[in-house]
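The following pair of complexes shares a single chain, chain A, combined with chain B in the former and chain C in the latter.
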Partner chain A sequence: MVRSLSQRYPTSFRLVASVVLCALALAVTFVLTPLDDSKLAGGAAMSIVILGLSWLIGWSGQVSLGNAGFMAIGAYTTAIWANHHTTSPIIWSLFLSTVLGGVSGLVLALPATRLRGPYLAGMTLAFSFAVAPLAIDSRSLTGGSGGLFINFLNAPSWFANLFSGSDALVKANAQWPADVAIVVAAVAFFFMANLFRSRTGRALRLVRDNEVAAELVGVNLQRTRTLAFVISAAYAGLGGSMMTLLSGSVTPQTYGLTLSILLLTLMVLGGIGTLSGAVIGGLIYSYSDNIVSVVNKVTGVNPTSTFGANLKGIVFGVLLILTMMLAPRGLVGLGSYLRRLVRR
Partner chain B sequence: MGTFLASRVMTDIFGGLATGAVVALIALSLVIIWQSTHVLNFAQGAMGMFATFVGMNLVFHGLNYWLCLVLSVVTGMVLGGVTERVLIRPLYGKPEINPIVVMIGFLGVIEAVIASIWTTNITMLPSPFSQIYYQSAGHTILVSPFIFYEVAVVAAVVIAIALLFRRTNLGLQMRAAALAPEVSRLLGVRVGRLLTLGWILSTGVGTLAAVVVSTGQVLAPTNMDGIFVSAFIAAAVGGLESPLGAIVAGLAIGLTEQFILDFWSTSIAPLSGVIVLVIGLSLRPQGLFTKHVSRRV
Partner chain C sequence: MTLPTGALTLSVENVSVHFGGLYALSDVSFNVAANEIVGLIGPNGAGKTTAFNVVCGFLRPQSGSVRFPHLGRSDLRPHQLAHAGIARTLQGVGLFERLTVLENVMAGAQSRPGGGVLWGALGLPRSSRGERALRAEALSNLERLGVAGYAASLPGEIPYGIAKKVAVARALMVQPSLLLLDEPASGLDENELEEFARVIVELGSTTSVLLVEHNMDFVMPLVHRLVVLNFGQVIAAGSPGEISHDETVLAAYLGVDE
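Here is the complex of A and B:
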């Protein structure tokens, strides 16, 4: 296995590294345009979900297609909570969504973790298909197919005062959500970095690589797998909550199988089971429309045609297949390969 | 007699068996692939739908229904064979999540391709058989000539597959190749070819199911989504190794979903599959019809 930074250094180092990287990312948002800021915000929120999925697939070897469903649970929790408690700080929305995501993960994990590989993937696939119809059907709670709307995440006055000029408020209101998303992501990444290094993390890898050996050294297979699944679902809930806060709305169509496939693609492209892979996945999500429009230009496909509208699905599906077949460790793996070439 | 056949329970049984038959067929196709290559083909529904679009679209250009059906199935078989050679063959011996991920990616690609080519197609695919339910003394019985056609197709395929695997030399070789590839290779069985043949057969069956599902309906890219999930659940509950298990579980799931829809609630319907899966696998994790085999260290 590749040894990442988080495996070599103690918790204090990981804390400092998280704070420094977070501060760097925040500094960057001051330089970027409002458009790039909002893209980055989406990427930060998505990277949380990707990290949770990466933990599940990379570290426990369980494939889930249900994380978009857990995102939906987080997204709806936030929307419903924010509409009933308009003055409550967003930290409560984030907290509740994470917990509810985790709890629903637990409910699904109880049968799911008894299943291996393809069974589990298929079961979470069934869950993925069920979420949107359920959300549409429970109209009184979820607003049916129209979804729910909440107030936008506007910058507080102390933050807005940092900006001057005619478009100060525009800039502040675009950047504030991005900064919130980055801080939330930094906290999530810090926890995951510790989790990778923890007893649970090590036990999980052993369960993945050799179940019998794990059982012999006293690891409870069922409990360890369940825990991995619950944490992954909680991360998805947190990411979904962030998505609602950023977009100011939630619709059932957003959280379908397509999103689950996209999550998987971004995770594999970045690099399975690594922190940096999740960051790269998030960044690719931020600029996925740009990537698709480049493909549009190169191939000369009209973006408004039906083919152009579906090009994103095709491009990312092909990328997923190619990465998995040719470079299963993703861009992170490519990076470490290049480093080794240079050292030689 | 008419009152009995038109009663609520009998209506549910007819409806459930009609759906269940198709579910069983797709579940069977999943089991064939699983047995030959130990890959669960997540793109099975989408591949069948793609082939159906290629073939059945010609009905709208005046071609005969049966000719289009044959074209669809042949397209599906070619697609299956090529997929095995190009996408699956390089992954043998890799971790088991690799082929799963690749087939999920393929699912995404096919769904996007179908949606981009045939999105404007909202025409009903005409059925060669009447879909009008039989009447008996003023009561409607939920059976039509079309449902007989559906069930006949399923039965014919199941019998053909059973004969192939149990009675022919080729079927014996396929079973041997799946069970003990190395030994079979030493005995002169062309294992590689047989694995491809397994995929070809499976996607052929899957496509046939997709054609039957789409007949008499709007030809839509999403026709197979729900049914594929049910079929997967049937295959899993039946034990991925067992064709008989897949068929029984498929019929059972069709019935269960129908009864849940009718007697419980329509809003729970999307989750009914998950419920069946959870209960089925909690009772017998290894599947209904599979003998328990301990994994070897």
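Here is the complex of A and C:
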């Protein structure tokens, strides 16, 4: 009988897989340039958010254009906490941001989970729009439109000592945040892998596929939809927290509608509802500027022109359309399609 | 659950449902006893489906009540049914299209306690053990209905008759004391009908069954008792033998009682 891989192997397999993949990613950071390290760090943080969105859209069938807003909650939580408790370990920042992200998800879910399709999208869209102005107005808490700054996530001395040479400290201080981000992402992915295979994960798919039948097998629709939202928002909060830690700052403009749409695009490009799709989405985010500059070179568009400045949006828009047309299951789906083709 | 013979598992008492001025059900009463197979029949528009939806809690009657005497409970909401050990299949098949047949059957036990979201996320042994046990049980229910060979298929890939059995296998996951079958015969061919009738008779040895059906040939040899609805009222109730000679019923089915 054909069963999917993760069904055949229990939690211990998922644990080993997470540790091995995490170790591999950490090993890679040792050979990357400082610039690539910091790109990878951003990608790892983003992949957490994409995974949470994938869980909401791919598994529960609810659309959200507001996950950048939940990221903002996490990002600000981290900045505010870190400024008040400068010596507190970052795990507290991450934990608090995750929890507050989840709580804000709960608050939005109470009305949102009663809505469907375009109405739900509309409501989360409104949330996306509201975040930046709210952050700008609550100046005493958020620093207004200037945002907040925190200390950079510098490498501890034991880590810095691993490196030698003239720019050892530069390399260590670029790699440390990347490694932290990778470990955090690995933990988040491990939990999600478990959730995918848990009774809760199945409940989400039941509600998505057939509400009436789901209710008849004992699923509480409202509770399940809310849970999907809360977990998705918690992942966004965690990702937002990581973004603040990585950049050492948070500004309200970062977390608007554009980012929410970018999240959607990255999720679709990678592959909806899968772990590897979220990883691919994160990697595309890491190297999105490289992709755009290649397009720049090929087309000869002047990057400083109006058209050139908006090229990123255009490139991702075209990529999104192409993916939907040619590989609706994203790059992950394309991969398995090609594998089947080769096997034939 | 083993119940004494004659103990009631379902008691519909004086139920009336109206949509605006239209009475879909008026003063409908009937019972189902332990290990009894009861057919709810009637011409199209007689109120069969409405009665079924009231039993399931999808519809609230304006008056009257639905009791489950063996549980000491009444007027359950749809998502409480499974917890209480009452299973319903849907008209059509109502399978989850993007889940495999095996997962569909496992979903039948969704109401069982064990493994909250935190346990699931941490992947604790309790959660994965539960899932493994569930998988084995789902497989054995598929075997009981003779469709285990389709466990890895998607509902869209299997014949309709098989899908109907899968739906029954899913219903069995709640180890029901009362099984509600909504038009089990619809869409089945002669051979499938015969086989499905055998399945239902076999199920009747462990649970009581209430089925809504308009295929009389299918129902007659199958059930212990029939309840006949017409224009939202019970016009007759009794054994298949009695019903087949009942003047009112014959008139209703031939459409001459106006």
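Criterion: the second predicted complex is superposed on the first by the 338 of 344 C-alpha atoms of A that agree within 3 Å, B and C clash if a C-alpha of one lies under 4 Å from a C-alpha of the other, contacts with A are read in each partner's own complex, and residues count from 1 in each chain.
Keep this in mind: a residue touches a chain if its C-beta (ideal position, glycine included) is under 8 Å from a C-beta of that chain, and two chains touch if they have at least 3 such contacts.
Everything quoted here is computed from the prediction, not taken from an experiment.
Within the superposed three-chain arrangement, the count of touched residues of chain A is higher for B, of the candidates chain B and chain C. Using the contact criterion defined above for the overlaid structures, shared-chain residue A:Leu206 touches chain C, although it does not reach chain B. Contact with chain C, but none with chain B, is seen for A:Val217 once the two complexes are overlaid on the shared chain.
When both complexes are overlaid on chain A, the residue A:Leu134 reaches chain B alone and has no touch with chain C.
In the superposition on chain A, contact is made by A:Asn194 with chain C only, not with chain B. Of the two partner chains, neither chain B nor chain C is touched by A:Pro156. Applying the stated contact rule after C-alpha superposition, one finds that A:Gly165 touches neither chain B nor chain C.
Across the two superposed structures, the residue set of chain A contacted by chain B and also by chain C is 212. Touching chain A in their complex are the following residues of chain B: 34, 39-40, 42, 87, 90-91, 94-98, 100-102, 104-109, 111-113, 115-117, 119-120, 225-226, 229, 232-233, 236, 240, 266-267, 269-271, 273-274, 277-278, 281-282, 285, 295, 297.
The residues of chain A lying in touch with chain C in their complex are 1-3, 10-11, 14-15, 190-195, 197-203, 205-206, 208-210, 212-221, 227, 231.
Listing the residues of chain A that touch chain B in their complex gives 57, 61, 63, 65, 111, 114-115, 117-119, 121-123, 125-127, 129-130, 133-134, 137-138, 211-212, 257-258, 261, 264-265, 268, 306-307, 309-314, 316-321, 324-325, 328. Per the touch definition, chain C reaches chain A in the complex via residues 56, 58, 78-83, 87-88, 90, 94-99, 103, 106-111, 114-117, 119-125, 127-128, 130-132, 151-152, 170, 173-174.
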